[in-house]
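One chain, chain A, links the two complexes that follow: it is found with chain B in the first and with chain C in the second.
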Partner chain A sequence: MVARPGGDAVRPIRTFLAFLGTSFRKNLAYRSEVWLSILFGLLAIVIQAAIWRALLGDGAAEGITVDDMVTYVIITTVISAVSLHRLVSDVDERLRGGDIAVDLVKPMHYPTLQLADQLGRSAFQLAFVVVPMVVIAALTFGIEAPASATAGAAFVASLAIALLVSFTQGLLLALLAFWFLTTFHFIWANGALLTLFGGANLPLWFFPDALETVARLLPYQFVAFVPAAIWLGEIAGSELAWTLALGVMWVAIQGAAGQALWSAAVHRLTVQGG
Partner chain B sequence: MTPALFWHHVRLRLRERMEYRGAFLLGLLAQGIGYAAEIAVIWLLLHRFEAIAGWMWPEIALLYSLSVLTYAIGAAFTYSPMTELEQMVQRGTLETVLVKPTDPFWTLIGQRFNVGYLSHLLLAGTVMTWAIATAPIDWTPASVGLLVATVASGSMIQAAVLTLIGTWAFRFTRSWTLFAINGQASRFIRFPIGIFGIIPQILLTLVIPLAFATYYPAAILISEDGQLFPGWIGWLTPVVGPVFMWVAYRTWTRGIDRYQGAGG
Partner chain C sequence: MSIITVSHLGKDYRQIRRIDGRFGAVRTLFTRQSMTRTAVDDISFSIEPGEAVGYIGPNGAGKSTTIKMLTGILVPTRGAVEVLGVEPHRHRRRNASRIGVVFGQRSQLWWDLPVIESFELHRHVYDIPPERYRAMRDRCTELLGLGDLLQSPVRQLSLGQRMRCELAMALLHQPEILFLDEPTIGLDIEAKDRIRDFLRTVNREQGTTIILTTHDLADIEEICPRIIVINRGGLIYDGAIQSLKAQLGSQRQVTIDFEDDPGPITISQATLLSDQGRRKTFAVERSVESTLAVLSSIASSHPVQDVSFAEPAIEDVIRTLYAGLGKAVPESDELDRWSRGRVVTQ
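Take a look at the complex of A and B:
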């Protein structure tokens, strides 16, 4: 590449996008199986929608109707399809197989490289799984539009937060593998917290008060409940601003912890490698 | 594959896992926490709404515990053989099973019996004990017999589903998405089947009869009326499991026979 003024500032972004594109193309190899992933998502939506129909009927609870819950369920299913938790198993596998050495040679900060890799996978999921899944779900069950223009814009922001919260969480779990050489237990334990406090199966507004207070402080709500609640206009006004700020804070905390752990992990890996 | 040989394999597996005792026990703990979270969510749901289609928390807990219990027993036998089949084909280790004088299906199941489902059993067993003590069940010799038969037959249904997925994956595709879909489908049978449409009811009764592992027998135990299908079909539970397992076994064996032919 010909060096030019200002080129250095652009190059990291280009490298990042190049890795992202490579990951997207790598995932294209599995496109014959996307219908299974679509089926997986649709089953989740069918089950949840049926449960809420049985529970709410034509009425409402806390002002929430069946149609609201169907939209809620579609959105949380979409988010779980594109969230970036999956890097845990990728890193775990590469660490045990020794492929991690190849990754470290690549001209990029390793966690950032992982982010590009995961975003490439998400882009693939979005194009080949999420879009057809949402179209089918919307035609079958109906989906509500965002409550307002503000809700729509805030939803996009909350989606970015969802991606970053799930990524930094996955990174922390993955880095633990450098010490424990396994991530199985951490994945299950973290998954349990996500099941309970994420709100995908039971929105936080149906929680008992004490538990809701706890859930509203934890990072898990950002990977399911928050984006859907924002879309529906259930989180609005000053609460919206506070919620998004809390999300950004969790990204910063988990990101900083991930970076610190990464520095220690690299040192450790060098020692092991001898 | 005699019972004695099978038991020998299971003991070997247990000893193998106990080499890494800490990791094994931690794994059980982690899985236990995972399922506890699932139960907590359903409990919170019932805590807020009291009933789903007339089924209260003890009755839903019965469905849930039957689902996890039968899955754990069935999966202990067939999950590892079926998920590892792909890798065995790639590495050429499947041949070591095929050259043995015993039936390859039972050899694989014996060799790869998974002892890691203890936390499932413990958790589901506890929830079920509480559920059957609390739910309005009329205890007669017939209902006791039905419950025992449901655990046995339901486990066979679950084992058979995993076997069929393994056969499918063996021939066509990578299997993890299919196993994930099965996990998703298991959630259907944790709720009263009437809340789902006609198609899921037909599929779960006639095609993949998972509803016989939980809903149909449970509906008889708590004297619930029939839905799309009449309530009495729950009494077919003891037959459905063995028949479906036999179908799965035949299908798998045919798939393996074809593999031998291609290996030539």
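Take a look at the complex of A and C:
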């Protein structure tokens, strides 16, 4: 990189934001398709709310009421709308088709470029899918406010962790897939683990104890259960600190593994096609 | 000082054989049966700043593979590459900031956005000072006639319009070297002309070094005084087009229009290339004596209306080059398609 005289430290950040903004505007080109996303998101909320209403009635299980569960369902739906798991298929497609070549001839760190691209998409989802969906859901079913100011602040932190966990996981998967020449199995297995241990369908507190212990150590919970449980105040106090720390740790582990795999991949990269 | 030095460069692709059936993926992973295919083999050349070099060869010759190694996105198996004083694959990002690359079959523009958005992002990625960016953008816009195109979404552009934009973008950061892998593939004559003019201007005015691969030999004739020809991964010619023509294009074409169809003509010193009745084309030795000898011997027996000469086309020269090599003649249909520049390669 040619350092400009008086080279400024904010330049990489400016580049990152420029990328993110461009990606956001790219997604704007598809804004006519958001109606479907909103519709399906709402449908998922309606169905799950109905199930929990049938299960819990007016009572509570493990101290959780129907209203808690409706809020839980709305939050996990929101998180799945903004999480960065799509990275896997994007990177995989570029590796396989050889379009990665045009990314690599740019003077940029590829994973960073991908992060900016994916965040641009998330920002778009947030503005055009999540906000309308949450407003409609809140007006229809009601949504609980965060349990406390701390819970609200911690929720924001957990949201950032959710994005980074899903990003680093996606990167890792895409690169594993590249290494082993097969995407399908990895994506399938990861999807199954996410469904099971993420807690989007069944919150971890309803798990059998042994399974819950396992789930509470894995990274998947951060992409659904944790932010919702924090919002509801179900994870609080020292448990909250420890959970967030575990999340940061998973980001670091997956990120480091992804970076190592990326460096190795670049060193023997075979760019496909002409 | 050479700007690019390539010595004994080689690249083998290892293809891992995939095993199908039950647990195929797992077995593929552990058995790792592989096939090696040599795409580039023992190629050496060097390029000076400001040169424009055509890198040509038939499909699968190893052109794209070489370009990828020069741009730092593919690691060589053997030999050494040095671009602008560094090994490109070890310093991919540093190298990337000083070169421009256009892949004719891939786009670097954001498909859904107006072209200008891609340009603006490029400015950030390459950290181009605003004044310089504006100057370069306006110059390219003018030379390539981009005008309103900058405001159109990329997906609404024709291939030719898009390629012009790709080219402009690759030059915004004023790279020292411009690599072009088949930039004119699939374009119509007008778009090709425009691109050729532009590349000539850039090479002359900015002193940008150009390395160009192509199927269309007219690209080469108009832009590159020097060609490097490869086939099956090996180098078979490196030098001026003119001297290649002088060496191999020892014949010239003579087209004669007769007053009446003279019927079949056979002359020992000339080979009949095409016969359209009153108009016949012969290949004759380039020397003045033999040309005159052929002409006078024909004119003495049949009334001639008009005569025209043509220098050998670069296609014919390259054809002769392959034929002369004997060992490395590409399949005829391949060469045929190649020289007409129609094939879209992968």
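Just so it is clear, the second predicted complex is superposed on the first by the 259 of 274 C-alpha atoms of A that agree within 3 Å, B and C clash if a C-alpha of one lies under 4 Å from a C-alpha of the other, contacts with A are read in each partner's own complex, and residues count from 1 in each chain.
By definition in this document, a residue touches a chain if its C-beta (ideal position, glycine included) is under 8 Å from a C-beta of that chain, and two chains touch if they have at least 3 such contacts.
Computed from a prediction, not measured in an experiment: that's the story for all the values here.
Q: Does the superposition put A:182 against chain B (first), chain C (second), both, or neither?
A: In the superposition, A:182 touches chain B and chain C alike.
Q: Once the structures are superposed on A, label A:210 by its partner contacts, choosing first (chain B), second (chain C), both or neither.
A: Neither: A:210 stays clear of chain B and chain C.
Q: Of the partners chain B and chain C, which touch A:46 in the superposed model: first, second, both, neither?
A: Touch partner of A:46: chain B, not chain C.
Q: Check the residue A:139 against both partner chains and state whether it touches chain B (first), chain C (second), both, or neither.
A: Neither partner.
Q: Of the partners chain B and chain C, which touch A:11 in the superposed model: first, second, both, neither?
A: The second partner, chain C, only.
Q: Across the two complexes, find the residues of chain A that touch chain B and also touch chain C.
A: 30, 182, 185.
Q: In their shared complex, at which residues does chain A touch chain C?
A: Residues 1-2, 4, 11, 14-15, 18-19, 22, 25-26, 29-30, 98-99, 101-102, 104-109, 180-182, 185, 266-271, 273-274.
Q: Show which residues of chain C lie in contact with chain A when the two form their complex.
A: Going through chain C, the ones touching chain A are 13-14, 16, 18, 25, 28-29, 64, 68, 71-75, 89, 92-94, 96-99, 101, 103, 105-108, 110-113, 117-118, 120-121, 124-127, 129, 153, 181-182, 345-346.
Q: Going by the contact rule set out above, which residues of chain A touch chain B in the complex?
A: Against chain B, chain A makes touches at 30, 32-33, 36-37, 39-40, 43-44, 46-47, 50-51, 53-55, 61, 182, 184-189, 191-193, 195-196, 201-202, 206-208, 211.
Q: Can you tell me which positions in chain B touch chain A when the two form their complex?
A: Against chain A, the touching part of chain B is residues 23, 26-27, 29-31, 33-34, 36-38, 40-41, 44-45, 47-49, 52-53, 173-174, 177-178, 180-181, 184-185, 187-188, 191-192, 195-197, 200.
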